[in-house]
Amino acid sequence: MEISTSSYKRCDVVKANGRVDSYTAPELEEVLNSVTGNGTYKIVFDMSNVDFMSSKGWWVLIETQKKCKRYNRGELVLYGIQDRIRESLDLVGMGSYFKIFDDLTAAVGSF
Amino acid sequence: MEISTSSYKRCDVVKANGRVDSYTAPELEEVLNSVTGNGTYKIVFDMSNVDFMSSKGWWVLIETQKKCKRYNRGELVLYGIQDRIRESLDLVGMGSYFKIFDDLTAAVGSF
Amino acid sequence: MPTAKFPARFESLEKISQFVVKAAREAGFDEAAVYAVDLAVDEACSNIIEHAYGGEGRGDIKCTCQIANNNLKIILRDQGRPFNPSSVAEPNFGAPLEELKPRGAGLFLMRKLMDEVDFEFEAGSGNVLTMVKHRSK
Amino acid sequence: MPTAKFPARFESLEKISQFVVKAAREAGFDEAAVYAVDLAVDEACSNIIEHAYGGEGRGDIKCTCQIANNNLKIILRDQGRPFNPSSVAEPNFGAPLEELKPRGAGLFLMRKLMDEVDFEFEAGSGNVLTMVKHRSK
């Protein structure tokens, strides 16, 4: 898995590539923690190149979402989630905790 | 020429398609006037599908830029400008009046 | 009946994934079903490493894939501590965000993704987790 | 030496463009040079409609394209009022945005884009604008 971050005026876009599982989720957690640690709580998680995501990955996003939404200071939204991954998100019942965008510009433009 | 507008939280994206010349520039002017008339002064002009742009088109953008920048309330930025059109923009000497983005998300994210 | 043994480390998860994805494709599953099997096995193996072994590098995971009729049967064996899944409460994903506790999704997903999920403990041979996916589903 | 006549209306600009683009491609120009010719002719015809005729629907524009050696020569004829280009001041694009006046870009561009730009008035036959683009440039 590789992760890159792009900073915009109102938000950061964190883009992961590849597999998010118990092995790689800590890496994702670290990156997201450094983003929130820098005081950025408006985050787009770009999943367009993520082809596998286990519950460990979702938990990292849920914990980040908690931090972002605290004090109404922001939100983590998802972009580019692949159909089968989205199905598993809904299956596990976590779908309602995230806004999902099909378009990166719309995601960034929502902040 | 066709024109479409997408509204985001901080800005509108106005996308023109085809030819902007003396015949079609008034149409572009009308759309941009209605955007600024609605109180939106942060505008991305999406030129990725514009394949011809005469000085009449540039003047419409310059006049819109004046409105947008007044009172520091906003700005018109360009996205997706094709090489040859960009060359003519620089040639005519108007290049310095516009910020140019290669990426729509970055353009929207700049507001 | 391909079988493979992997060190019980998170690093192995990707290789285990490749192993079961191959079997699921050979079983003629569509990509949605392949992903379901892939994810269920990942969750199961993650639990084995984390909970049965209590951490990385303390044993192996043996994985067997059986294709029969319309079924793919995955058998995962480990030598960790026995586990009684009925002792685990269902996660509560209706709760407000702030109250979510980061656990309980793995088992829940495995059961949703697969048609049969069965944990057994055999003194001597250890834990045997059998998961079956029907092709129709 | 293809020649075509177009009604002096802004609607004609796209057809004039197609006509000269075809000639420029036949002359072997690369796409950057084709665009330069296209743009220069658009600016010129726009001016003929707006300034020489003082509006749409008051005459025609006759366009001739000559390919010779390494040159493309475009001749535009109209029956509008004569024009002395030396009377036109250069635009000032160094000015602050607020002070820019929306005029003077057309002529300026034509001269930058083409190698030769020549306006003549012949009593009887009217205005003749000749623009030449060398292939090398």
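Note that the chains take the letters A, B, C and D in the order they are written out, and that residue 1 is the start of every chain.
Here, a residue touches a chain if its C-beta (ideal position, glycine included) is under 8 Å from a C-beta of that chain, and two chains touch if they have at least 3 such contacts.
For clarity, every value in this text was computed on a predicted model and none was experimentally measured.
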item	value
Minimal step count in the chain contact network, chain A to chain D	2
Contact distance in steps, from chain A to chain C	1
Remotest chain, chain C as reference, centres from CA atoms	D
CA centroid of chain B to CA centroid of chain C, Å	54
Centre-of-Cα separation between chain B and chain A, whole angstrom	32
Intercentroid distance (Cα basis), chain D paired with chain B, Å	25
Separation of chain C from chain D, taking each centre as the mean of its C-alpha atoms, in whole Å	73
Sites on chain B at which at least two other chains make contact	none
Residue list for chain D, restricted to those that touch at least two other chains	none
All pairs of touching chains, each written as two labels joined by a dash	A-B, A-C, B-D
Complex interface listing, chain C residues touching chain A	10-11, 13-14, 17, 31-32, 35-36, 38-39, 42-43, 46, 49-50, 91, 93-94, 97-98, 100, 102, 105-106, 108-109, 112-113
Contact set on chain B toward chain D in their complex	19, 21-23, 52, 54-56, 58-59, 62-63, 65-66, 69, 83-85, 87-88, 91-94, 96-97
Touching residues on chain A, where the partner in the complex is chain B	6, 8-11, 13, 104-106, 108-111
